[in-house]
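The letters A, B, C and D name the chains in turn, as written, and every chain counts its residues from 1.
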Amino acid sequence: MPVLEYIEAIRTAMKEEMERDSRVFVLGEDVGLKGGVFGATKGLQQQFGEMRSLDTPLAESAIAGVAIGAAMAGMRPVAEMQYSDFMFPATNQIISEAAKIRYRSNNDWDCPIVIRAPIGAGVFGGLYHSQCPESVFFGTPGLKIVAPATAYDAKGLLLAAIRDPDPVLFFENKKCYRLIADEVPEGEYTVPIGKASVMREGSDITVIGYSMPLHFAMQAADELSREEGIEAHILDLRTIQPLDREAILEAAARTGKVLIVHEDNKTGGVGAEVAAIISEELLFDLDAPIRRVCGPDVPATVFNPPGEKHFMLNKDKLKAAMLDLARY
Amino acid sequence: MPVLEYIEAIRTAMKEEMERDSRVFVLGEDVGLKGGVFGATKGLQQQFGEMRSLDTPLAESAIAGVAIGAAMAGMRPVAEMQYSDFMFPATNQIISEAAKIRYRSNNDWDCPIVIRAPIGAGVFGGLYHSQCPESVFFGTPGLKIVAPATAYDAKGLLLAAIRDPDPVLFFENKKCYRLIADEVPEGEYTVPIGKASVMREGSDITVIGYSMPLHFAMQAADELSREEGIEAHILDLRTIQPLDREAILEAAARTGKVLIVHEDNKTGGVGAEVAAIISEELLFDLDAPIRRVCGPDVPATVFNPPGEKHFMLNKDKLKAAMLDLARY
Amino acid sequence: MTQSGSVKNHTRHAALGLTDEQAVRMYELMQLARKYDERGQLLQRAGKVNFNISGINQEPSQVAMAFAMDTERDWFLPYYRDYAFVLSVGMTVKELMLALFGKAEDPNSAGRQLPGHFGSKRLRIVTGSSPVTTQVPHAVGFALAAKMRGENSVSLVSFGEGSSNQGDFHEGCNFAGVMKLPVIFVCQNNGYAISVPLSKQTAGRISDRALGYGFPGFQVDGNDPLEVYRVFKEAHDRALAGEGPTLIEVVTYRVTPHSASDNDLAYRTKEEVEHHRAKDGIPAYRRYLTDIGLWNDEKEQELLARIRKEIDEATEYGERAPFQSVEDAFRYVYAETDEAGEVR
Amino acid sequence: MTQSGSVKNHTRHAALGLTDEQAVRMYELMQLARKYDERGQLLQRAGKVNFNISGINQEPSQVAMAFAMDTERDWFLPYYRDYAFVLSVGMTVKELMLALFGKAEDPNSAGRQLPGHFGSKRLRIVTGSSPVTTQVPHAVGFALAAKMRGENSVSLVSFGEGSSNQGDFHEGCNFAGVMKLPVIFVCQNNGYAISVPLSKQTAGRISDRALGYGFPGFQVDGNDPLEVYRVFKEAHDRALAGEGPTLIEVVTYRVTPHSASDNDLAYRTKEEVEHHRAKDGIPAYRRYLTDIGLWNDEKEQELLARIRKEIDEATEYGERAPFQSVEDAFRYVYAETDEAGEVR
């Protein structure tokens, strides 16, 4: 199987789906000739023309709103938000409209859009090119939210998202774009929305998370296995709404010691819900308090390199937390 | 002490603070002659003139954005969002701007605004006059968020919010407006932001929540005390950001059995964070799983009366959950 | 339809290409909407329904704009006062009553949304919400889809003058302008946004905004349905000819309070309201039809009786119809799929 | 300042009320900004700094607009290409370098924000962010505060032509129009928003949008600083006279790639860029000053040497300065208060 970069997997998914289904088109700022500021849509305009790889005016509420209209009209728009930090002008269209169209019309109308947006820090982007906006949208009934950590999942989840009958927010991690590469099948396959996946089996501690930080957890787990004989069980949520409750409970029960990781600020993040689910369902199976290692509760994040590094998660931070939990 | 309705307490706070401090003004849709659609600003234009009780164009992003500018210029704006459902167009101004102005300028600039918005269902308002938007803003560093349940707290917290040097979202419950009335001192007093308060002492179960549902919990607690001898300890968070961790842990430790209540949808709500905090800090002091009784994970809520009633919390639902927990 | 009558082409409506039947039907729809709306107010005041919002005085223009549209191909994104418009594109009084009573059979939302929140795929009426102006970019999306698929379809979106000050108005208009999309943007300027008069909403003229987006904007008197028809017909022709969007500001006046709970005399005078009520477009249009021999008192009586019957029956039906079950009220947050994963 | 020189009132700048010293100072600032900016690009290419965004070619108009403002009373809300503007209202090259290197001493943000994200209460420059156009309503808020307090203060806000398509542009302009607030809205139309050319951003003319808000809009050639000064001065006078806002579209061109990471030849030709580079306003303005005897080669050499020294020193200082400590980087999410609860 060919090894693809995470961003290439995303690009491939759009390209293949646009070839397969003429209703699919991408729209956003600079997605055309430039191919997006990260290159995710590179080549699409050349292959599919200006209308199907559509450079929009600089207006996120319109990008979302026009995509919503086109989706209701039967198209399958994939809207790109240049950075997830810049999707907030579209909040009203996402929360008040996309999320509620099926519900409010009693299933008469639907809104099958995908909104792609890069999340996360690590590119010297300062306070507005580094955020994780998951918690803003998490908990809004009617939205699905995915956040792949691997190239395989990125392609499979994006295909699933485009084919999904409901609005899907697709949060891609900009640090993963070129750092993460793994085996990606050619041609179509989907990764089901709503299903977590076990990245690593282990019996000592359970790590639950999504997106980039899981790679740090995997590295830390390898080292802990080698150095300390500690075996971590690692669950990649992949979909953060709806959460895969069964998989969460199973992973937590497996070791009785749970560490939740994400880069989004700790307070009010997805991890709080994961912790709440476990403490609601599985309290007496736990052998240690549920811990969270997340982005600190400050705006993500400063431009200067030491500050950015200090904010972000990394292998060492996770390793320390995992070791600590294992020894609890 | 005079007994005031919750909405009157809010109105009084604005009026008194506008008398005291010429920098304070209110702005929003219909806040002028009409005095707001609920009447919260009634009389202010008559007393303070058109500029200090300012009818704005119908544009929430501008209401927030202009208020932010005025706040940076040294004023103390109190912006009214007609319904919290209609504050989503202002999300970008709130999350990207208000919340980050102090941080991004390294304390050179500040943004002392208050944004008032009515939350909650129960007025036959359908899907867009019934929502609780707390979870959208909760977790955004730089914002403070309060949600009073009593008239006393409403006045005291609003005065504290106006005087606070940072942006405060003030979520008032529209069902409380005229249903809730309690003793409110004349003249100035503040309720500190960030401090929860014990509404009822008890030793059997702990209920933690905020806003309207606490009144159902209080009613249920009275009945349970009378009928079953069960004594509930009830903690009103009052401020939902920053959460009063100490008070939460103390209240949880008090009984070892915790029920969290809010009307906002369960998933991703403030209650998840409360549960996560407890399960992170106090896991082994618990005698029962942490339960949450919240708005179901569907859009809040339908126009038709049986559907609305079915969605909402009430005394009976809470009583059943509290009894169940007590018997655990 | 063919034209009939001896006044052919000498009447204003014929000159615009409207048949006599159409001209009369327009009148009937105006009256139907007016009477439905008055009943809605009554029901609300009697405490039979929990919410009502009125479109009274805006019917002549709403009917006229509907008549300029193609109900087989176009897409409609009305706003909450557009009763006369939705009646004109095929919604029935019975359906409106079901919505007013919030009943399960309401095709708009099964009683989930407030009355006045229209939506019916069958009638090409796109589901709308309460936050104002969000529908503007949606209309642009429908027009974009039409252009992508090479369909001869126009989208019409309407909103109030207050709502035209939301960012989504600007972003939607500009997007449509850049791509020369077949959209008609309709601002029903009725002078107030709840309590806030036009002078506090904008210092400009709303129709002038089109210039900044590179397409034409017109102001038209909402009390003159034939003039409204003309302006919309031209906009529709331009849209179909690939010449892009048009902004039309319909000048009207809200004679009722904003909604049932509004006391409008807190912010305007009775005299002002009466002044505008006297300019009601419905009697004026009736005079027009009468003058050219298409209408008379007998027809009027017959029409009013027919309407009353229809509304009575609809009211009764709506009142008796069941609510959506509370279990069903939790459905359709997401698509329901069968075992094979297909959307049902 | 008093006017001097024999060409008094016969020169363009004197006719506009600018002294010779001011006219010369404007030139110096244009060059200072240009050279600073070129150094920024060099440092970025050399890998010494992690981000740079350029204002090259937009300096003449930025300096001119600053000269029309009152640095004691007005409020400034610039955007990320406004180096020449902020230098003209008092920021130093050293301060810009501290920001470029992201150092603790940077007065804009202590190295928290990207370079080009200006803010300094001392200089009345309001802290800005990356999401475009959010500053437009803020400027309106400053003007509102000024009006409420009876202060003779104008706020100036600038943004790109792409950014003028955000809802906040519309909402902010309309709000200011309704209340006749003293705001100058400046659209620096440089032809591109990253890769997207003007023709895909809007089909209208941006200056025409003012009409829809009830205030005047003007287009002005950004390469002609004296004409820019004239238009801004008039807008400033109008604002102070209580006549409300003005929208000014400065027509310019972005000769550099969008930012360091952008390959602009993917979407435009070298020829197009060269065509515009040839119209650079700085040499043209230098010729103007030379022709009227205010400038010569010797002064130019002396100026360039002075600027180089200033920039060299600033670079060195910026490079050596310490970063904010990681502990301090977590401060000021909220106000810090002392024991008595007073904000420190």
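Quick note on the criterion: a residue touches a chain if its C-beta (ideal position, glycine included) is under 8 Å from a C-beta of that chain, and two chains touch if they have at least 3 such contacts.
Just so we're on the same page, UniProt names per chain: A, B = Alpha-ketoacid dehydrogenase subunit beta.
Quick caveat: nothing in here was measured; it's all calculated off a predicted structure.
> Which of A-C, B-D or B-C has the same interface as A-D, meaning more than half of the contact pairs match by residue number?
It is B-C that repeats the A-D interface.
> Measuring centre to centre with C-alpha atoms, which chain is farthest from chain A?
C
> Mind checking the centre-to-centre distance between chain A and chain B? Centres are C-alpha means, answer in whole Å.
30
> Using mean CA coordinates as chain centres, what's the chain C-chain D distance in Å?
One centre to the other, that is 46 Å.
> Measure off the straight-line distance from the CA centroid of chain B to the CA centroid of chain D, and report it in whole Å.
Averaging C-alpha atoms per chain gives centres 41 Å apart.
> What is the distance in Å between the mean C-alpha positions of chain B and chain C?
37
> Residues of chain C that contact two or more other chains, please.
Those would be 109, 112-113, 117, 129, 131, 165-168, 171, 174, 178, 200-202, 324, 333.
> Which residues does chain A have that touch at least 2 chains other than itself?
Where chain A meets two or more other chains at a single residue, that happens at 57, 59, 61-62, 85, 88-89, 92, 96, 100, 103-104, 127-128, 141-142, 297-299.
> Can you check the complex and tell me which residues of chain A touch chain D?
Interface residues on the chain A side: 29-30, 32-35, 37, 55, 57-62, 85-86, 88-89, 124-129, 296-299, 302-307, 310-311.
> Under the touch definition given earlier, write down the residues of chain A that touch chain C in their complex.
25, 51-52, 56-57, 59, 61-62, 64-75, 77, 89, 92-93, 96-97, 100-110, 141-142, 144, 165-166
> What residues on chain D touch chain C, complex-wise?
Against chain C, the touching part of chain D is residues 165-171, 174, 177-178, 180, 199-206, 208-209, 211-215, 244.
> Within the complex, which stretch of chain D touches chain A?
Listed in rising order, the residues are 50-51, 102-103, 109, 111-115, 117, 129-132, 162-163, 165-168, 193-196, 200-202, 261-262, 266-267, 323-324, 326, 329-330, 333.
> Where on chain B is chain A touching in the complex?
Those in contact with chain A are residues 61, 85, 88-89, 91-92, 95-96, 99-100, 103-104, 127-128, 135-142, 241, 243, 264-265, 267-273, 275-276, 278-284, 286, 288-292, 297-299.
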